[in-house]
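Got some structures for you, see below.
Presented sequentially are two complexes of subunit A, the first with subunit B as partner and the second with subunit C.
The block that comes next holds the complex of A and B.
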């Protein structure tokens, strides 16, 4: 075995560390430890001259282990690993001691802080002796992509990928493409015809040589990992087909709230109380009529049906306000003398053109009445003969503080947008997370909005949260860009510090399989031992701590490494506080 | 009990001058910027809401509207250009027509034809009465010197044949009384109706009887000095209005109350009280009217920007009354009996219909409604204080 030669570098971080830790003293003391060849302090280790210092020392002193004592490894571990690589060392021959967040920023006694810094660095030095070289590993990426959901998001993503010449499998659970966008007439707020936007795209999908469409098909299970997924599906003709692909886009879209659970609104009991989705059918047919065929004189539109109400969904469905405004405009155009009422709880028409639509609508003699989600919500009842209308809605009007009644012949309920019913099953099959409202969760809400915690799986459109066509298309194309960039690279680097099974000790109890959050462990039936799929494993260590007989261990977090770190730390701290012993 | 909303009510209000109300989305900036709101009176937002929802009963009983003196701050701060200021004034016109039990007020505010017909009807009636009962003496033309007194002025009470100066004077005097009695009587009944709509109709409110007396000083104080106008607007406007108001009041007292001592045959020197008061009143009316007319043309001030036809009618009637009054004085001093007679008749033919239209039914009725609204508000406050209702947060 080669001689262990450790270099230790103590960072000042300007005055961040040096004002509370005597960094020069730390370096002096650590230099006396066994195996330490060189120990230095420097103003900014992460700067280019700081990194060069390490690289030159590695070459000059033939160092083969490096310890940097500076900030959190979350900030600069990768920086220094890169430096080691540049100097020809394996990047895992590196350990970081955090003396900024854990020491200088949180302590007030310079003397004690310096002692603690010494102990932490000594621990790191003790640990790094046991580090092993770990190799970077790559897997090939299958250039095909699976898209689940044939709505506007799925269609947009499919065309984008297919146009670049890559294979797309598009799976749709219903018998036709288009999703919700195909069920509406005009899109708000600019009143573009939705069929005119979406039908040419659907035609193109079916004619595209790189796209295979599976209608009336659902994905039941998924296996494989980033770059190499596999699924078996049953086609319309009852054929079983196995598909192989490298990336997945989930675009399963939305479903709508069932308003019959809200008793106030008598949905399903009074025939002319309809949902917004049903009203879209009226608009497509070109006739706004009551069930008895008469033209409604009073039309009431109730917002937030199932949204922003703690009894149903806390969240805002985002699209209903602007759609309700669209309805008012279309009703005003179709029935010029109709009395139109918008019963809202807050006007949240947001996005381009929506405030303008609200303004324009309010100038068309539409009465806006505000209700409270907690007290005095609208209550619909059938009118008596002297009411001069078919239904009466009673509510507490918030802006006037009055209890009012509103005549209505047709009531449109702006139903909330919900996650798809099968979303949960799909999330489990693919291994991605969901929020409490059954929407899929992105990897990072701000910085990584279309990726998920599972590599190679992307979420676009309303399955992530309610959203309209422009945002869905933007997400679809964002995911497409990510996928095409990866396909272009052709392979993907995977975590090197994975878990490893010692087959001699493994008894095949499968405890690790049941708890692995990434479904990375499977059972070798023949040998009756667990096998870690190194592509899926993230090296989280959950299995290592659960294994009853220590057969499975995480590389780079071995027992020896951790115990010697503790040893080194305790030894130094006891040595520094001898008086206590 | 729930009140039925009426989406078409605002349309019916448009005839009262409501413009651009549709933009209002109840942000409440108007209320926040108003210098005159108090905890008990919240406007304009709340009032606009009642109007938008068509809650007629609420509007008719709403006394808060009269606490607004139209400074225009709300219109300046309105982010949707809904012009809350003008909306308030228009709703006050609606309220005046609601207080008026005869229904004439509504006709006058919503139809220019109605107001003009009424004006000319009364004017012609006055002319006919003069032609039949008080025709000019033919000698006005043939022997004008007969009508000139020692000071060289026209003997104003002796221009009709066969009727003595004293008799003429008292015919006019009692005529004035009849006019004041009819106009005042109509106004008083309208004020009583206002009390009914704003105070007495709500049976749950019991006004303690003593409050009617203890709060009376507010009525007099606000009638006489308009302190709220002073708080709301620039001081100069308040001063102009004050001079105008005192001037007109003096003129009214001189003519209706003490005509026998004001309209005397003798031309007294300029420093006599009749002439001093007369000049003060005339100048007071003119110095206020001129900037108002200019402002209404230039639209440079929020309260003068939008002129309803009733505003113009009132101004024109006032100007014609004033001019004809000044002409009587000039012709009389110049010793021109014919011109004096005709300017006198024309003066009355304008003055009488103006009083009959404006005081009980139209714009000028604010002279009573404004101080009475403050009085009524004070009465309501007296009740509110006594009952100590639970504090309900009001979204203004």
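The block that comes next holds the complex of A and C.
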């Protein structure tokens, strides 16, 4: 039996941790624990000098277990595992204690936070003692990619991957490609023609030998894992097709808010109250006319319809302000003497060229009126016969503090951008997470913005959050770069922490077989014991908890490891508590 | 000196642990009594983990997993739910108040809900007072 020699490293994270946790005190106290050979504190453990500290200590002190007490393991566990590997130690001989996200950032008493940090590190030390070496496992990657959604994001990703010579399956639920970008005329703020941008790409997709397009098709279920996914789809012609691929890009795009739920706006009741999407159709047809065929003299554009309002969506839909400004410009060009009103709650025309568009618009005799989302929201009513307009909008103008009436013949509602209705079903089928607003959630909002928590599944475009064409294209290409780099390597690393059956203890009751969500366990008929297929096992550990004999080990989350962690945590917690009395 | 409970919490890696991280990233404040243990799935919560926690002196145990239908491993949270109901009855028979064990679904985006949950659960345990089971075990063994 090798001698256990543990090194513990407590990170300051600049002042992020050290401000609330006495890191030096933590290191001092942890150094007294059994098996701990060295315990240090350092400014930034994740930095190169921080990692070198660990690597040098492993060599100098013959350490064989490492604990880093810093941020969330979801951020830097892999960083430190690599450092262990560089020092010649198995990467699984490592445990992290999260004293930033779970301690220094959420507590207000330095004394309590320091005590809690000590307990968490003690738990990690107690656990790491029982860690075992695990071997990395690789499987070959299928070079094909499945892309769900044929909008600008899906199209951009498909072409990028296919042009590198790899197979793409592009699935679109409607009968045509192009998505939302195909429903608009000019894109804001630079007024490029959207059809001119997107149509040549669509042509190229259909002609591309490496791209297979399935229109009017939806994905219902998904099986397999990173590198080797499988799905069955029903094609337009009602044929069942099985597709195999190594990576998935979700590009299902956006949907729009139904404004009829906001009673003030009378959408669906007054015919000339229309949505921004309907107005795009007017622009494509080249005619800005009322339903009765007359030219509107007064046009009102209402912002934030369903956005930034706690009754509907709290978030900003991001594209509406710049589109509303685009409309004012186009209306001014088409009907030079029209009165144009923009009713906004905050002008958020941010991004390249948008502020310029805002100031250019404000010089074109467009009246900007501000309203409050809570009090005095615009209220539309049909005008009486003595009014010189078709509708009247009444609202509290926030800047002047006055109640005003605005004449209108045409009202355009800048409707909020929403997640697609089928997003949730798809998220569940594929096994990725969503935010509260039904948009897909990325693996890390800053450091990993197009990946998801499921390896091999990427999210691009507005299915992640409302965004315009340039950002969607950028995300699509970011995801393809990730995928192509992986395909180039040829194989992917799969979960090493799988379940393992101890054949001597297994009684062959098959409880584990009935509960494994991946059908990864089968019965060896001859020996009458369960066998885990390591390629299929994802290491959730459910079988281990269900085994009545304790014959299954969830590697890296073994009973001994978790029970020791509980021991370490509680022993230290209670010690510290009693010390106070 | 007021009683400050010690609470062990088992969080699944994909939803609840990430939700707890989000509470941190958003600098939400909550009671410092919780000690988090990360598991890959709430389905890994072995009944012995809960019993051992009480035995070693935890005043409360909190289990969090993904919302129904959202489990990263399809259905581990349902397995956890079944064990939870079993454990509630079992600890009651052992003389531990069932309120000391709690299960809640926390998604990766529910940092606020996580912070609120920790505060409310800590308060529940604070009102219940120290768990007596550790002393009982020490007396009889």
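Operating definition for what follows: the second predicted complex is superposed on the first by the 370 of 581 C-alpha atoms of A that agree within 3 Å, B and C clash if a C-alpha of one lies under 4 Å from a C-alpha of the other, contacts with A are read in each partner's own complex, and residues count from 1 in each chain.
Following the convention adopted for this analysis, contacts are C-beta pairs under 8 Å (C-beta built on N, C-alpha and C of every residue); 3 or more make two chains touch, one makes a residue touch a chain.
Owing to the predicted nature of the structure, the values given are computational and were not obtained by experimental measurement.
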* Would you check which partner chain A:359 touches, where first means subunit B only, second means subunit C only, and both and neither mean what they say? => first
* **Which of subunit B and subunit C A:367 touches, first, second, both or neither** => first
* To do: Check whether A:400 is in contact with subunit B, with subunit C, with both or with neither, and answer first, second, both or neither.
  => first
* To do: Considering only touches as defined above, state whether A:78 meets subunit B (first), subunit C (second), both or neither.
  => neither
* To do: For A:333, select first, second, both or neither according to whether it touches subunit B, subunit C, the two together, or no partner.
  => neither
* To do: Specify the partner with more touching residues on subunit A, choosing between subunit B and subunit C.
  => C
* To do: Check whether A:507 is in contact with subunit B, with subunit C, with both or with neither, and answer first, second, both or neither.
  => neither
* Common ground on subunit A, meaning residues reached by subunit C in one complex and by subunit B in the other -> none
* Flag every residue of subunit A that touches subunit B in the complex, lowest number first. => 339-341, 347, 358-359, 362-365, 367-370, 394, 397-407
* Contact footprint of subunit A on subunit B as seen in their complex -> 1-5, 7-8, 10-11, 22-26, 45-46, 49-50, 52-53, 55, 58, 80, 392, 394-395
* Under the touch definition given earlier, write down the residues of subunit A that touch subunit C in their complex. => 72-74, 98, 100-103, 105-109, 112-113, 115-116, 119-120, 123, 427-428, 431, 433-436, 441, 453-454, 497, 515, 517-518, 538-542, 544-546, 554, 557, 559, 562-563, 565-567, 569-571, 573-574, 577, 580-581
* Structure fact -> Per the touch rule above, subunit C residues touching subunit A in the complex are 1, 4, 6, 8, 13-15, 17-18, 20-21, 23-25, 27-30, 32, 35-41, 43-49, 52-53, 56-58, 66, 69-70, 72-76, 79, 83, 107-110, 115
